[in-house]
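As written, the chain order gives the labels A, B, C and D, with residue 1 at the start of each chain.
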Amino acid sequence: MQEPPSYDVKTIDRRLFDFMLHTPKWFFTTSAGLLTVFGAGFVVFISMLYFGLQFLGYSHPVYWGFLIVNFVFWIGISHAGVFVSAVLRLTQAEFRRPVTRAAEVVTIFSLQAAVLFPLIHSGRPWRTAYWAFPYDFIRGMWPNPRSPLVWDPSAIFTYLISTILFVYVALLPDLALARDRAEDPVRRWVFTVLALGFRGTSRQWRIQAIAGILLSAIILPIFVSVHSIVSWDFAVTSVPGWHNTVFAPYFVIGAVHSGVSAVVTAMIVMKWAFKLDGYITADHIDALARVLIAVATGWLFLLFLDFSFGLYGEESAEVDTWMQRIYGGAWPVLAPIFIITSYIIPVPLWLIKSVRRSFGWMFVTTILVNIGMWLERYMLVIPALERKSSLTFTYSEYIPSISEGILVLASFAFVIVGVLAFCKVLPVMPAADIREGALLSTELKIGRRSVPATLRE
Amino acid sequence: MASPEPAALAIKLRPSWKPKGLQVSNSNVVFAGLGLLAALGLVMLILRIVSSGDDRASWAYPTAFFMWTLSTFATAPLVAYVTRLTRGYWGYPIRRLAALWSIPALFSYLILLPSLATLPSLDGRASLWFGFRFGVPGFADALTIGFMFVTGAALMWLTSIPDLASGDVRLKSPITRSLLMNWRGTTKQWLLIRSASKYLGAFYVMLLAIGTTQVTTDMGQSLIPGWRSGIFPLYHIVTGFQAGVAVIIVTTYLLQKFSPNIRPFIGQEQAVNLGRLLLAFTLLDFYFFWADYVLIWYAGLPSEIAAMQVLIADVYRIPFIAGAFGIFVIPFFAIIFNPVRRRLWALALISTIIIIGNFFDRVRLFVPAMSNEKVFGHGPLSPLPGVVWPNVSDILFIVGWAALMAFVYLAVARRIPAISGWEMREGAMLRQETHFERGHIMLLAKPE
Amino acid sequence: MSSIKSATDESAARAATVAGGATISEEERRAGFGHRWGMSVDIDLCTGCQACVVACQTENNVAINEEQRVTEKRAKSWIRIERYWEGEFPNAKARYLPVLCQHCDNAPCEPVCPAWATYHNEEGLNVQVYNRCIGTRFCANGCPYSVRHFNFWNPEWPDSLENMLNPDVTVRTKGIIEKCTFCVQRINRARRDAAQSDTVVKDGDISPACVQACPTNSLVFGDLKDPFSKVSEAANSDRAYHLLEERGTGPAVVYLKKVDPNATSSSEEHHG
Amino acid sequence: MTSFGRRRFLAGVAGALGSGLVVGCAAPERESRVQSFVLSPEQSLPGQSIWFATADAHSQGGNSVVIRTVDGRAKKVEGNPAFPINLGKTSARSQAGVPSLYHPDRIATPLKRTGARGSGEFKQIGWDEALDLLVDRFGNSSNPTLITGRVGGTLSRVTEWFASLTGSRHLVHDTLEDSTLRAAMHNAFGTSELPHLDIAHSSYILSFGADFLGTWLSPINYSTQYTKFRSNTSDNGGHRGTLTQIEPHMSLTGSNADNWVHINPGREGEVALSIAHTIVHDNLIDPSISGPVLNQIGGKSALDAYDPKKISSTSGVSEKTIKEIAKDFASHQPGLAIAGGPALAHTNGEAIGTAVLLLNRIIGSAGSEGGVKPNSPATEGTPRPLQANTFADWVNFATEMNSGSDSALLIYDADPAYGATGAAGMKTALESASFIAAMGPFMNDTYATADLVLPATHPFEQWGDFAPDPANGQIVVGLQQPVVTSLLDSRSFGDLLITLGSELKGKDAFPWKSMHEAVKTTALSTYKGGAEAKDATWVELLRQGGMWENTTPSSFGDSSWQISSLHEPSFAGTAENYNFHLIPFETIGYGSGDEGQNPFLQATPDALTTMTWTTWVEINPESASKLGVRRGDIVDIETPSGSFEAQVYVAPTVAPDTIAVPIGQGHRFGSRWNKGRGSDVLAFVHPFTDTAGSVAWAATRARIQATGRSAQIPAFELMENPRNDESDPPVRVTSEQH
């Protein structure tokens, strides 16, 4: 049962801006720890600039590894934000309200983490910047538009920019609120600038609302295109195990699966960290869990399609790739873990209502999902390179190195630190949105029962 | 067209109101005409079974027709369940008339069985069944699809029991009465129906996905060496969703136009929301087609390119282009305009185009497959087979069966009310239209 | 061997025109157009003696494959002799297969490079432009023959060993992809000499290091567009086939089947 | 054919002339300065590549190469297309010549021992001091001994001359010497020369362990002939020749054979004779042909002991196989039968060789086209490389020295402390020598024990000439000229001997001032015609890399051998304690070890295993699983004379009761690339000698223990033993040549 709006405007603001205005101790310790991890990753990166990529586990002919896996993983996570906020906004789902901002913030930082990896892993990063941003007009040296690696940055940066816009538009009223609540002048000044003079006139409200709707409508195609293009990095080639037409929707739905799970995790952590009981309630994660059940099942169907139509051709290398994905290297262990954690454990549990509504359970299951989905990316990307053609002479094994592991951890640290910092300087809970929700939620008398209801114009 | 005044709604749902079957003026003429054509269709089917035993090519167009029914009429009911699962407030009036399509869909089973019988052996060609050889493909496919049809019908029946039991519906035969499972409307029975309909609906979705994957592979992909596309079943399903919505729109439009006791319940909100769905699916269609096409073009594996030349580029170019225009080009550039989405008749027009386009698409997909001789091996298909145009009997077959579908639908809709009474009442309960300052707002209750 | 026929019907057409009297104009040859460099590998003559491997290394400044490089599977060899087994002891048969860049007409490595560091030149060579390469290694992943090698280090030739470096060939720095070039430096030298001596490049004037070293003449280099060249002759042989035909890459390297009077039917003649 | 036309050779002429002068007078340090156009070495045309023809010192058999030089630096080795032996072709070893020329670990200056003998501690000294030391300690020694590698041509004459001048004994060392084969040739054909194999015109080759395409005698020449042998257009009867290889361990040649037949080690003779038995008893050959030979070697009845039925049990070759081989061999004329490698490295090796070679006479192809022919004679000005002393000689020498005869040694291009001779006492013998001077381009186990180490020029830096052995039926003389001036303070051995000789015995001890003069006069005296315009002739000879002319082939003598003298092979170690035959083999890369310092040859994959850089042991999958060892495991191989370590490579190249280990690693001293790498298997074979006196290096048994250690294996194949996939084979095979 969704509890009736028991709080007035003042309490909303006080509790939502609490973390912004006063800092608890754990904030410093956590961020210090995370920053050291990130620093370690940075050191590895610098040393790679100087010594070449010899520290990575790459070999001939397996030239992509953990870094690309992680790139795909973060792109996947980044899909949560837009999916949750845009789709739910369009479908006017009420439970979205406290969720959206968190989701979008996760998107922004995971996207940045993602774009780092293609840069880091390339042989000459200092030159790689140039195909992401073609600037060389004099010599007429342009990137090759046929390469998916040129589609990637275009799609990703479009996505990043539009997401930031999206967040900013939704953020305006809260910035205005923060401006009015902030004590110290610096902060006030900053918020004044950022709020763009949002005073809450009905015209401003209308524009803000329309902009939100429009942006979410526009952003949806981008959201689909980004991960499709990422999937095409692999699928356009004729490499068996990569070249499967189902890849695009498969990656997209997998991304939503992992992304929404990540958002649930993030929400639960925020609730615990920022004491947001009453804002993030069982209803919210319950609703998200229902979405997850559908998404996960769809994802499983596409996994089945990928598998069956991969083997369908009965090309020797294709079959070998799948054998490698199941029996090769560490996969006898990893493959079961992958499927169990990403589907077999979570989904049946989510079918149970009490699990869906328990924060502890959802925390654990969503974490499991993302472990599984990380492995899924590993499974999709690497074994295909270990079994590339019927020239079995070049069949190889990929063994990741420590520095790759460090870089992966560093990316996680980066995202968490980013989200924390965001929460510190900007209102992470959409106060205005929540207030609107509070206004719109009423009750409806039906016979003897009174049912919670929402207002729609 | 009627706009939903809440007051009117309240009046129409006064306690004495009871749902009724179709009341179409001079319906008998329509019935007679459709009946004749339907009979023709059946005759054509029998002739085919008798004359051409296991000549696969002669079943090419029937198969295409079946795939078309699969993606239109068999998919239409899904929308009903989707709105039920997501508790979309606008879906109440159209749930039943969508669900009714599951009965005509049943009949297309008659086409599936003989054409399945003509499939060649699985040895020496790629197939989803790999090494497995027991009762595949024919039996397995027939089973899944049949199961799906039955589930659909059962679901339709289950959700219409309360209306049927509430009397005033012409149910003479004892069988139909017995199927009512002596409905008393106890709380237990209500809960049963609600949950059952929810889960059966989900189950139906899964069966549709799996069944489509099976038949599209066994009667499509696996018959053209080198055609290997994991996304194809999905493409088929999604175009099916689009066509399903289109079917519902057309049905809704026709019924509210010709049946006075339906008209009041259909309003703009149905049009707008169905229009949105249609737009979404139209976009998705293109996405899935492109995801399929661009990869094969880019990788340029000879075998796949050869298959694409058959399906898209060379051999079946005309059906392909017709299908592309009908499914994507025309609908998309029409529906993106709000005025179109607000007018039911415009939507109905577009939907008709979509349904026809979908048929052309099915033709270019399954006729080459069913009429292809060299089905064995993995290598590229060469030389490319020629295009197979429909002959007179094919055309008669298609016309007849299309008529049969309509005939059956109308026949059923006469008995079973096309507006679900109990759900309309529920909808009216959970919803209140009140005036608030200027303009009126809507109160939606979400019971848990 | 339909694909082979299609690969060389161009030269067949050329042969017709030659019969008709018309042939490639001298200017055309001078300008270097009208060539399609190709190689034929007679697997029946390859004894696996590795002369081509070392010849290629010394000609093209391929760095020393230290033991560590080999053990971590990062050894570079632009041409390698793959060895495949058939049967079990004592009837085990070793099959040798020299694999080098196939300079495909429809190369999977070319479209995927974001920096256009690899492209097809007008003589059908698959060219790697080292100073455009940024090392995404996408091409190496796309290549079904796995003939592209990545420089994980800056290559080293200890002190006086540097004297052996071939001045005609770039030394590849770290972070870029390198691969067989059909010894493009020799092709250009031959064309320049031909231009100086006011003649045209004749069949056999050019031979990459591997071809020149090959003691059994298993490797033959030439112009596929020249209907009378040795390599065209080989391409039209009944034993000719392309590696990984099903990928449709259209390689410029033609393989001639191994002849084995008592071949186990496993690998024999089932592709037709 | 090849990519340099006549113009380059003319350029080469100028260079050749110039380099002659430069070698005479150019001071090395001038090279180290930045070159200006004015002061550049004469033979260098800046930016232009110049090609010089010279000897290929690295490949086997005596080939000639042309070397591309740019700005006074050698860049690339190509075959000399004019030279009749290798016809412009090269091997992996020839191709790696330039790296060894510019090897960073070449001995740069004379070195004087500072530490204890064998410690390998030296200090650099000048040539004058070195020469004084040499004159003092060697020249005035009571019994000086000269130890060289298989020097040939003018250099061998200079060496012999010097030996006689100083009254010193001359020992010739070769890690794997061929005296067994020569002895067998003598038994079968009455000549101790190596055979000339007319593979090109043969239609059937029956090879007992002779790896003639890889490492045996003159591989490049044989490979060029192999092309004709395999082609159906050549004159070998218009059809593709058939190659049958009978050996215990699959060699590179064996892997190219049409029929590879496994045989138990040491049984080759019996099988050869049983083939003869079949041929004779089934009358596959006209008796008038086989008759005379049989009478020479003991008559038809002597063959009765070698009925295939009996032989198949001991040899492991089935009766059916023997009969088939006999039939094919007799019916495909002309054919040739040869024996080499492990087949001859047995206690009955000489007999085996003889039995096999006699097959040629039995089918009557000996001496005729397409068969085994007698080697063409060499000019007396340029003799063939000296025949190496047998293992027995070395054992005697070692015992003599160990018994305390203080001898002064001058060693050139030899490493007796390594391999079998080293284990058989030379290692300790060197310890007890009064004085050791060693000369060579690289440090090795022997030189490490020397008191004085002298830097020798690389073959590309010195004058010389050579006579290919075996030749191709022609009289061939190859010329060797410096293609670059040495960057190091090194001298050629010949020049050193001449200098030393004139130091000891006065100015006119030698008729020539330098090797350059010696070679030039020899060549010009050998060369008929063009006596006028000597310099032009000389340049012409240098340009084409030598001189050659056809000769009327001599014929074989009678056979002096009795079938009865083929006795059972004996093996070190009993089958119970030592359950594996140990078959050492030579690799195409660093060969018998003398090329091990070359990183490019260390990294050259072995054809069958694609292994590099290390010492591995090839084990049959069956016995590997029995031993419980896997690819990459490091095992301890124990023979009656010690144990060594090797890395396991599981392959179907050997029988379950056999293991094969490559020779050539395990140098204690050398360059950074071969020092302390792998193990020297020859040091662990039992010092059996066969009747010809050479070591029976394949007659040792061994057993294996796993050490429990394992390591990533340095193989080029990324996957273990990839197979030629059935459904979609990379290597397609056709049964008939169209």
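Points to keep in mind about this one:
Following the convention adopted for this analysis, a contact is a pair of C-beta atoms (placed from the backbone, for glycine too) under 8 Å apart; a residue touches a chain by one contact, two chains touch by 3 or more.
Since we're looking at a predicted model, the values are computed, not measured.
For the remaining chains, with chain B not counted, a single touching-connected piece is obtained. The most distant chain from chain C, with centres taken as the mean of CA atoms, is B.
Ranked by number of C-beta pairs in contact, the top chain pair is C-D.
A comparison of C-alpha centroids places C closest to the centre of the full protein. The distance from the centre of chain C to the centre of chain D, with each centre set as the mean of the Cα atoms, comes to 32 Å. Centre-to-centre separation of chain B and chain C, using mean CA positions: 56 Å.
If you average the Cα atoms of chain A and of chain D, the two centres end up 66 Å apart.
Chain A and chain B have Cα centroids separated by 35 Å. In chain B, the residues touching two or more other chains are 298-301.
For chain D, the set of residues that touch two or more other chains comprises 717-718, 722-723, 728-730.
Shared contact sites, meaning residues of chain C that touch two or more other chains, fall at 72-73, 75, 80, 82-84, 97, 108, 111, 243-244, 246-247. If each chain is drawn as a node and touching chains are joined, the picture fits none of the line, ring, star or complete shapes. Remark: the chains found to touch one another pair up as A-B, A-C, A-D, B-C, C-D.
The residues of chain A lying in touch with chain C in their complex are 51-54, 58-61, 63-64, 118, 122-124, 127-128, 130-131, 141-144, 146-150, 233, 236-239, 315, 385, 388-394, 396. Residues of chain A that touch chain B in their complex: 1-2, 91, 94, 221, 224, 228, 232, 235-238, 243-249, 297, 301-302, 305-306, 308-315, 442, 444, 446, 449, 451-457. Taken together, the chain C residues at the contact with chain B in this complex read 2, 106, 108, 111, 246-248. Against chain A, in their complex, chain B makes its touches with residues 86, 126-128, 130, 206, 209, 213, 221, 228-234, 283, 287-288, 291-292, 294-296, 298-301, 378, 429-430, 432, 436, 439, 441-448. By the touch rule above, chain D contacts chain A in their complex via residues 717-719, 722-723, 725, 727-730.
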